[in-house]
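Chain lettering (A, B, C and D) follows the sequence in which the chains are written, and residue indices restart at 1 in each chain.
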Amino acid sequence: MDHAAVRILVTGGTFDKDYHELEGRLFFRRTHVREMLELGRCKLAGNVEELMLIDSLDMGDADRARVLDACRSAPEARIVITHGTDTMELTARAVGVAGLAKTIVLTGAMVPYTFGSSDGLFNLGSALAFAQALPHGTYVAMNGRCFRWDNVRKNKGTGVFEELG
Amino acid sequence: MDHAAVRILVTGGTFDKDYHELEGRLFFRRTHVREMLELGRCKLAGNVEELMLIDSLDMGDADRARVLDACRSAPEARIVITHGTDTMELTARAVGVAGLAKTIVLTGAMVPYTFGSSDGLFNLGSALAFAQALPHGTYVAMNGRCFRWDNVRKNKGTGVFEELG
Amino acid sequence: MDHAAVRILVTGGTFDKDYHELEGRLFFRRTHVREMLELGRCKLAGNVEELMLIDSLDMGDADRARVLDACRSAPEARIVITHGTDTMELTARAVGVAGLAKTIVLTGAMVPYTFGSSDGLFNLGSALAFAQALPHGTYVAMNGRCFRWDNVRKNKGTGVFEELG
Amino acid sequence: MDHAAVRILVTGGTFDKDYHELEGRLFFRRTHVREMLELGRCKLAGNVEELMLIDSLDMGDADRARVLDACRSAPEARIVITHGTDTMELTARAVGVAGLAKTIVLTGAMVPYTFGSSDGLFNLGSALAFAQALPHGTYVAMNGRCFRWDNVRKNKGTGVFEELG
């Protein structure tokens, strides 16, 4: 273990949604990743970079190209990407096929962090660990497990990530 | 990634402390590890085994022998041990010197899980990931990092885990 | 203080909204009023009656007639109504004009209870107290204050309740 | 309802206890009353005055004299006192016998506010409402109820407040 720095690329997703109390709906105000790292007493080196704050259903090819570009240009060889769960497998694929010599782990949450019952803190801890310990490649870390980018999907019925048939 | 089963051995520590509202003090009622796994939507195979529920300052040689014994007899080759932070390095040593052909990761928390601001959920996610991804050996996972059993200590002044010398 | 029983009539509103983790939206699953009372260690006599679980923007004349009817037929002379904030003043009016010989207090929340940062617990405590201590009449309890039914509105810009001009 | 200002006198108690993560014990860092009022979207006029931050078991006659003095010299005629539950009835008596022409309500919590499951927010909302709505006198507001100062005690076995035999 060399305590390599890990870059965190923020794209939004359920992870970062807040409740808009005047309009009674969920929205993005700002990322919560920094306060989650503080809450986790995380002392890893590396930067948090906010690429975008969008719902992953609104993520298009240009957005995915931007994510890949940020992975490529990041000085760190270990990267965590926070992402909405609905299209996480698509962004994993867009990044994975590029075959960068880096360890890249996508993660997200089923419940917003601002709800007390979020799985986001658990997943963030998990993704940061996988990013440090796994060999180069692109992965999805959800439900305490880690999947290769070319063998993962979200089961829309259960909300649980699983291997392809 | 083969989604190997991970056994979780519970020993207590800050992680699992509750507030006794009639006596106004912290105490152990039961482990919170199962509800933390549920909160994290963890779908890993493996069992949670409650060995003891004690403060790690109260942990003696017999307790550590029991922890080592549980590691040895567990059917799983990947193990997470939840533990108080004050003597985590001692138990890591007691387990590490045995040189079992397993991946064993100790973790804990600085703040009880029942306090909303606990680092425990982050650490549990982190420890489970390290246990799946690292080669055989005994480790301590705290502060988002992972340390080898023979090169770790808790800095009593800052509460942060660090390498020796 | 005679510790009179207080009936709580549940109509829904932000108060009781949950996050639907598969669909990524807010919805009504069940009322949280009973667990809020338990959390508050509330020992008041009286029943919780779930009339409906709807957004107050969806509340029509028939719904308001049903609320008034429930106030009238309740055996308790002291009643709290949980309600969405958007049309709370309309239901207060529908109940208030009836001039029942009871003390009736409407309250709600700006943030769902299932979000840790809810004002609902504070408001529920406040409304139950006003219901016990005020003379017969219909009131709205929000923001730590209490308003008569014929002199209250929600300021749509600030979300704060206030007297009419 | 005239929206009279309410003064809040802080004395400490379980209400305001924090977890000391380096020492693993509960302690007083600062009062949480202001953030609780903000969480409750409370818009009442009046000031928060921190008299002391102590465990109510450590409260002596001089402390109680200081509380009574603060009640007497407060410009507001409506006062809430946050207090540990163990000796709340003693301070209520010390203040109540003075017979000030004010409405004074003591309240507290069984669980620290920094624990998510605190009853403090519910009790604070309740106490502020009773302080506005009740005639002059000294009261204890706990468990959703309100008690006169000369007819209340904490049941040590259940933690619930009740009238004297």
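Methods note: a residue touches a chain if its C-beta (ideal position, glycine included) is under 8 Å from a C-beta of that chain, and two chains touch if they have at least 3 such contacts.
Keep in mind that what you see is a predicted model, and the values were worked out from it rather than measured.
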Margin query: Strictly by the touch rule at the top, which chains does subunit B share as contacts with subunit C?
Written below: A, D
Item checked: Interface sides of subunit C and subunit D: same vs different residues, half threshold -> same
Checklist line | Cα-superposition angle relating the copies subunit D and subunit A, to nearest 5° | finding: 180
Margin query: Among the chains here, which has the CA centroid at the largest distance from subunit A's centroid?
Written below: D
Check: When the C-alpha atoms of subunit A and subunit D are each averaged to a single point, how far apart are the two points in Å?
Finding: 45
Check: Just curious, how far off is subunit D from subunit C if you go by their C-alpha centres, in Å?
Finding: 25
Checklist line | Whole-Å gap separating subunit B and subunit D, where each centre is the average of the chain's CA atoms | finding: 39
Note to self: Give the residues of subunit C touching no fewer than two other chains, as numbers and ranges.
What the structure shows: 110, 116-117, 159
Check: Where do chains touch, given as pairs?
Finding: A-B, A-C, B-D, C-D
Item checked: List of subunit D residues in touch with subunit B within their complex -> 14, 19, 21-22, 24-26, 55, 86, 110-112, 114-117, 156-157, 159
Next item on the list: Within their complex, state which residues of subunit D touch subunit C.
Entry: 1, 3, 36-37, 39-44, 110, 116-119, 121-130, 132-134, 139, 141-148, 159-160
